[in-house]
Amino acid sequence: MSSPAISTLKMMLAKDLVREMRSKEIFLSSFLFSVILMAAFHFASAANRMPIEYIPTTALWVCILFSGTLGLNRTHASELKNGCFRALMLAPKEAGWIYLAKVTSNALLLGFTLCLLVPILVLFFQFNPGSALFPLLLSLILGILGFVAVGTVIVAVTANTRMSDILFPIIQLPLQVPVLIAGTQATQLCLEGKTPTDWWQFLVAINVVYLSIGFLVYEFLLEE
Amino acid sequence: MSFRVHLEAVSKNFGEVQALHPLTAQLGPGERIALMGHNGAGKTTLLTVIASLSKASTGNVHYLDGDRELKKKPEIRQRLSLLSHQPMLYPDLSILENFLFFSRMYDLGLSKDAILDHLDAVGMSGDPNRLVRACSQGMTQRLAFARAMLHRPELLLLDEPFSGLDIRGIERVQKLLRDFSGTVVMVSHEVDHCHALMDEFWILRRGRLVKKLQRTQYDRAQLEAEFRSELPEEL
Amino acid sequence: MKNLGYLASAYTAIWLVLSFFLAKLYMRNQKLNREIDQLETRIKELESKRGSGAE
Amino acid sequence: MTARKLLIHAIFLALLIAVMECAILWALVIAPADREQGDVQRIFYFHLGSIWPAFLAFFYVLYGSIAYLVTRKQIFDHRAFVAGQVGLAFGSLVLITGPIWAKPTWGIWWTWDARLTSMLVLWLIFLGYVMLRDYIDDATKRERLSAILGIAGGVMVPFVYLSTRWFETQHPSPVIMGDKESGIKDPQMVNALLLALAAFSLLAIYFWRRGIELVHSDARLQALRRRTLDLEENV
């Protein structure tokens, strides 16, 4: 049971990463978009003299939410090109493992973008993780995983509609509210030097529930 | 090699449109069937239903190995293959990367040389590191055909396999199809190809299977006449 | 007895929303039933035509 | 059969109207006015009365969606979809009456209070669920995809509720939450609340049943249209 699962995971991951290296699609759509978003944040919050130390958490999570949405849309669109998603449907693999593989590669790509964003955060907003680096990392990893676990299912649902570009964010963002609340809270508490244990537990719960639901439900998405 | 498919009163509707009326048929090992019909006759719909890609609105599709019914989707999908009008190859990956990926997807564990051998059959082993995006339509179609044959399926479902191919490409695909020993279901508009390669001709008209003809009883001209007589008047 | 305006507007809003929902259900139902009737007569017509055509 | 159905329908309608009359009577006349808030507090009975069916409907969407995917019976899809619509209607009531009550009580129309926030988010989630169907052109996918979204949305309900609650305890809002307690001290107030709950639950069930009938006739209409098209072609 475990070995075909791991191999599915490995090759899907390798394929997605190679493809990303070639096209730099996610990097462009997510990273550059985030940088622009952060600059916009600065101007928007400078107007009412919002203290600069309040901005990083907000900016970070808005970037995750919006560039993540953009990125998920792109990865799925590239899967649909040439009918490749059809090839995945027809492959003799359990749908659940294909789902987990997609979640992993999406989370890795988003996480990579985020790693590039942190220096910019430091530069723009005097963001100083200091000693809280590890708890901060944990909060971000849990948050991103939760976000992607939800988004990977929803993007495959809305891909079947006309106007999927608009429908995907509209349907997805309300569903991401719990992840957003828990993620921002955990991040902010980490920055204040506290340990947000209950928010971590909450994020773990969302992850467990959503990953198992995606695992079970994905089979019904691999049908035409 | 005793993979069989039973279609039991299978129908398919898209809302108000009945794409396929209830159809009962069997696909036995080694049978070669051409699906013929006008645009919108339900050929492609039937093909995707057989491929287990879309679920029939009513009726059932049974996949049998000897007397044992195959229930699990991975088990079924290992044995069949679909060539649709989309090439199903990642445009941002090279030819070789694509084939390595699909060889692992089907647990074939093919080496690079084995894949090059396989590509040679469609005349595409020359530049395996070229990106699929950079291939012409005809080259992509050859690759798509090679991809469909990669895991040695027992049932091959082809939707217009010759579209976009040049003379050489057509010859190669024809040769591969002649040598193929499994079951073939082919959708094609070209009466020539159907008559040259297939043994049985199913003519569909407005979602109904109206005629089943044998090659032994019809020469090419007769087949075309039969086919033409079932074309509906234009909308 | 203060803020009666708010109370009145809240109740008006409730009944407006509910009657809107109900009216939508009702009208749609009427429309569907009409269409179903039309189609049924048309089908009968067509079937009798086909019956006579076959004879 | 239809006579019996009509009778049940009539009895149910009579019950609904009776309970609704009582609920209005108690809420507006019999229950005493709140000491602090005065008469505005009377909004609260119907505000809470509509939260309950809305939440019930959202959980029914989850149940119906799972049942549909497991059994693939259309009836579950219809039930879940109409439950989503009913939940949306009652959710709208909550969102309209909430601010109207908040303005005179708290002095502001909107506050990011857990009850309002969670209802807003859930309302948006289920708005997406109800909207999705209209944008899927392929009717064979409609039920399956909306069931998947229904499951995703239904599972999110407790998470939305919990996260907004915790969010609030971390950021105490400027509002004293004593209103609720002061609202149900008087036994007549309890009666009014219970009656409002009963009345709105019955109303929700009534809407739900009518809605399902509607979706049924819609499906029947499609089948009839298919039949007509078919006959017209073949006459």
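By letter and in written order, the chains are A, B, C and D; residue numbering begins at 1 in each of them.
Everything that follows uses one rule, which is that contacts are C-beta pairs under 8 Å (C-beta built on N, C-alpha and C of every residue); 3 or more make two chains touch, one makes a residue touch a chain.
Small disclaimer: the values here were computed from a predicted structure and weren't measured.
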Set of chains adjacent to chain C and to chain D: none
Middle chain, criterion being Cα centroid separation: A
Pair of chains joined by more contacts [C-beta pairs], B-D or A-D: A-D
Between chain D and chain A, distance of the C-alpha-averaged centres to the nearest whole Å: 31
Rounded Å distance, chain B centre to chain C centre (Cα mean): 46
Between chain A and chain C, centroid-to-centroid distance (C-alpha), Å: 44
In chain A, residues with contacts to at least two other chains: 223-224
Per-residue overlap in chain C, given as positions that touch at least 2 other chains: none
Residues within chain D bordering two or more other chains: 138, 225
Interface residues, chain D side, partner chain C - complex: 38-40, 42-43, 46-47, 50, 89, 92-93, 96-97, 100-101, 103-104, 203, 207, 210-211, 213-214, 217-218, 220-221, 224-225, 227-228, 231-232, 234-235
Residue ranges of chain A in contact with chain D within the complex: 150, 153-154, 157-158, 160-163, 167, 170-171, 173-175, 177-178, 181-182, 185, 198-199, 202, 205-206, 209-210, 213, 217, 220-221, 223-224
Complex contact set, residues of chain C against chain D: 1-4, 6-7, 9-11, 13-14, 17-18, 21-22, 25, 28-29, 32-33, 35-36, 39-40, 42-43, 46-47, 49-50, 53
Interfacial residue positions of chain D with respect to chain A in the complex: 69, 121, 124-125, 128-129, 131-132, 135-138, 141, 144-145, 147-149, 151-153, 155-156, 159-160, 162-164, 166-167, 170
Of chain D, residues touching chain B in the complex: 138-140, 222, 225-226, 229-230, 233
